[in-house]
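Got some structures for you, see below.
Each of the next two complexes has subunit A plus one other chain: subunit B in the first, subunit C in the second.
So, the complex of A and B:
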């Protein structure tokens, strides 16, 4: 099958997947969710007031019709309005997304580069002192909760109990200086929480490559350590590395930002998700779930296409 | 399970240390469950006490002994982690084996689709949705994590069953007329026991970490003492200079996760399983 035909099939799969996610979340949040009638009513409502609100919420119509309605609006890019302040959800998330991206990108990049370097160090000295040190450190790292990391870093860097260099809350970025001021501690937290996982992944990948014939040949031809690791091992490990990088993007953007933005009071997607969770803001939550699923599908497509480009031997299976 | 792998496991210092630490914490959790350890329910003692022989980590804003509460958190961690792990392993083993027995069948396609859908919903959002649907609390959290975590095990078991299915011992079993569920249950799943063991440890770690964060965010357990709730309390304590809650909860949390991670590591080494595609 051609690449185009294959991608088309994947797109259909992706659309079916998103439909499933939409149906699942709509069922859980709206059908089995809380009755919102009285949240929207003032005091002492008349029977007609109640009827009007229920009608506006669509409670008088069958489930499938309501789902179809919501779906058709969503497909046209209309995610409804936030129950918190009546703001349309689309612009709300559109405003928050760049903040989240700016917040998590440095930590994501540095965490992966550091993990790669430490993984290479450990793999190169397999079984030796460096390997044991790196592996031991990564096991300790895996055993730290993200929450504990954030609390400790904030205590050490942002409060009078520690160095008190950075802000505990907020995001008033208007230039490079203020960007570093607000992004440093969250970045350190993101690096710390991911470093253990990253290091072990890169160590395993590099170890597998180092065991291959082409590495032995290159070594026999006199290639040095750096050339072996970066040129021969890393380039051949491009497919798993690329796949993992892509697949972790939705997780970092949504799950990673949720806790850190909540803790540092940063108005990104994670903070909006948290506020929507605690206040039961269905329109916002549904939009975030569906957009996350779309991101997953896009990432899978990209990873697939990328693997095919990097390795033509991959057929159309 | 291969006996050489089991021998290698017992030679590993990480396994012995992790298992010892894990059993110690499990004993604490059991003792809390029987009511021998943990908070005595009294409030109104002197609040914000420093660490002392009577109160190892001091007392909290209600005058409760912090260490007792942290010990009770151990029971919550084991209960939530244990139930999620058991649920995820059973679902993952059964559904994964059903899909892997006939790859490409309708059942397999449906399973793959279902797993794809569940994998596309981040755990925090699924937990929030289920908290709506089930009214919150520990049950919603356990259900959410089970629904989210079984797919990883199912994918691995599906692959292993599909790989083993064409082996001679399976073909012989089919030839003498054994029904498929019996072949899968008696001959295939025992051959994948090492995968279940490693996945169990990994799921346990993920469940405990997630429970702490969900409880901290206020969508986790509400009816029991949890390390996440203690950490949530501690964020206000810290600014006032009280470190007891934070120290006790994060220390026990770290010890339990360390024990499980050391065991996972040793298991992966012994059975030669490594997460290259994680």
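So, the complex of A and C:
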């Protein structure tokens, strides 16, 4: 099957997946999500007030009708308005998304590059001191809570208890200088929390490659360590590396930024998601869930296309 | 693609991202604006005056919009002052008609909602419109309860389709600067309600233009104008067109015993606001709020209880550690409200019962639970020992509070409680299952465990004291509004400094879904309430309030109460006296920095 045909088929699967996710998340939120009625009522509400709010929230309408309406609006790009403050969800997320991207991108890139390098170092020295050191560090990193990392970094780098070099919170970026000023500590937190996972994964991938016959052959032909690792092992490990990188993107953008943005007071997607979860803002939550699912589908397509380009043999299987 | 062009593309994308992520434009050159950075432990949901129900929303609304009246900056007990109104209202002899003159020349801020974007003068019909809006079903107001059935013709106006061009007879603009309210019966708290954020004045054009967007836009005539707001902070700037009204500290209630040493003298004779820029950071997480404050990024902090020992040298009197005192002022401010637990009187297992004997046994059971509750421990463990435990439901922050009231109901008396149970035939076998409701949170769980401990000591088998955990506060609200919760623990934040506001929590007509979440419906209490409701503050009314308070105590309708104290810290570089009570936020206009010196 041609690449285009294959991708088209995956796209259809992806659309079905998104519909399933939409139905499931809508059902969960409507059936089990917090009831917003009483949060939107004043003191001493009357029965009539309660009914009016329920009507405005659409709680009095049949489930399928609500789902159908919501789906048709969503397909037209209208995610509704936030129940909290009446703000349209689309522009709200549109403003927040670039902030989140700018926030997590450095940590994501550096975390993966460092993880890859450390993984290669450990794999090359398998069983040796470097391997044990890197693996020990990784386990220590894995054991640390993200929240603890954030608080400790804030104390060490952002307050008079420590170096007091960076802000504890905020996002007042108006140039490269201020960007580095605000992004450094969140980036360090992201790197710290992801490095252990990344290193262990990349070590396993490279280790597998180093055990293959083509590496033995290259070694027999006198290839040096650098050439073996960067030219032969890394190129052949491109598929799992690329897949991991791409599949991490939705997770990093939403879940990774959730704690970071909440603790650093950054108005990105994670902060909006956190507020929507705690307040039961269904329109915002549904939009985030559906957009995350869409991102997953897009990433899956990209990963498939990338893998086929990196390894043409996949197309013939 | 060549590596160089790839790099160029990557840089271009990065630059685009950076510029898109920019939240503010670079500032112009010139003298640095006088800026103050405030922090709050929560974020407002909406800035629409009709929907801003939290202390966070109200604080901002009161700085962006005008209300007819406000509280004097420093006066304690709280005292009213005209704000947008030119003077206090003129009441007719029967107390049913109020005539209010508005200040002339007050203007809304410039906004695209107006023709040519230029703000127009605030007139009496704007006040009429703003109050009527609460009764328009389209608004989804959270403040309508303040005036429901109080103003002549409001309900009929709503039923007739809420036509703003045909206002009800009880709410009229007599001319551009005169407003008249006609009440259905005397309402002594009416002027207090006009200080609330709900009573903020906004132009009809703004609602037509911004609609739902008013949750994040503001078109008011207050001392500040909104520059931006998101989930993490709000930025306000001085409203340069704000009326020039020099401060008189004496008129604002300056008391040297409380206010000296704060640098407030520098604002005497000057017209507020004194800040060019007001930034309000919304920081819900205690650790992050403390870190930001200690690092100097914010200049005000409501100190979390967990930090008390780190900061205080002494709790009574409240005194900061020397290194903290060098940098910060501290104030132990009584919260305008109280926390209490009400028994659901609709539940025959613990509340009212048709059989008089069982009804009496239930009352004895409630009284035993009240006696077994150890308030000092509760205060120590959850409020840092700074709160004030008081008997009944009239808290110390209102003038009707009686400091000499019999403290029996707040005295931990385990033996007395056990004797009461024995006297009325209660034992481990026939005691009912107690269900204590709370929204899911660590603190609420700890409070439940504390209560369970008291009850086990009293004689309840542990399995007969059960938690009813709800996923969110909204779900908890729904449950007790539907009368499903046996023991409801809540806090009440006062809307105005008048004991009527807490006593209405036990008035039969306010039973669920109203604020009387214990559904207390006592004939004698209701009669006294109706009698007192139309009386102006007076010794006669206070006596009625005390009698109502005693009914609640006699019936053991609630485990009450605790008036918490908040520890407020702020930078010594500021001249201010902060306040979170009642409506909060009026003090912002009076904040100034100590430098530069006033010429």
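A few points about this structure:
As a working rule, the second predicted complex is superposed on the first by the 286 of 317 C-alpha atoms of A that agree within 3 Å, B and C clash if a C-alpha of one lies under 4 Å from a C-alpha of the other, contacts with A are read in each partner's own complex, and residues count from 1 in each chain.
Methods note: a contact is a pair of C-beta atoms (placed from the backbone, for glycine too) under 8 Å apart; a residue touches a chain by one contact, two chains touch by 3 or more.
Just so you know, these numbers come straight off a predicted model, no measurement behind them.
In the superposition on chain A, contact of A:262 is made with both subunit B and subunit C. Applying the stated contact rule after C-alpha superposition, one finds that A:179 touches subunit C and leaves subunit B untouched. Judged by the touch definition given at the top, the superposed model places A:41 against subunit C, while subunit B stays out of reach. In the superposed model, A:280 makes contact with both subunit B and subunit C. In the overlay built on the shared chain, the residue A:21 is in contact with subunit B alone; subunit C does not reach it. With both structures placed on the common chain, the touch criterion links A:151 to subunit B and to subunit C. Looking at the shared chain after the overlay, A:67 reaches neither subunit B nor subunit C. Contact with subunit C, but none with subunit B, is seen for A:86 once the two complexes are overlaid on the shared chain. Looking at the shared chain after the overlay, A:159 reaches both subunit B and subunit C. Once both structures are placed on chain A, subunit A residues 34, 151, 155, 159, 161, 262-263, 278, 280 are touched by subunit B and, in the other complex, by subunit C.
Residues 14, 113-114, 116-117, 119-125, 128-134, 205, 209, 212-213, 216-219, 228, 231, 234-235, 238-239, 241, 246, 250, 253-254, 257-258, 260-262, 265, 274-278 of subunit B are the ones touching subunit A in the complex. Across the interface of their complex, subunit A is touched by residues 17-18, 20-26, 43-48, 51, 53, 137, 140-145, 148, 211-216, 230-233, 281-285, 287-288, 291-292, 294-295, 297, 471-475, 477-478, 481, 495, 504, 510, 513-515 of subunit C. If you check the complex, the residues on subunit A that touch subunit B are 16-18, 20-21, 24-25, 28-29, 32-34, 135, 139-140, 142-148, 151, 155, 159, 161, 197, 200-201, 204-205, 208, 240, 243-244, 250-251, 254-255, 258-259, 262-263, 273-274, 277-278, 280, 285, 288-289, 292-293, 296-297. Residues 34-47, 49-50, 52-53, 56, 81-82, 84-88, 95, 98-99, 101-103, 105, 151, 154-155, 158-161, 164, 167-176, 179, 262-267, 271-272, 275, 278-280 of subunit A touch subunit C in their complex.
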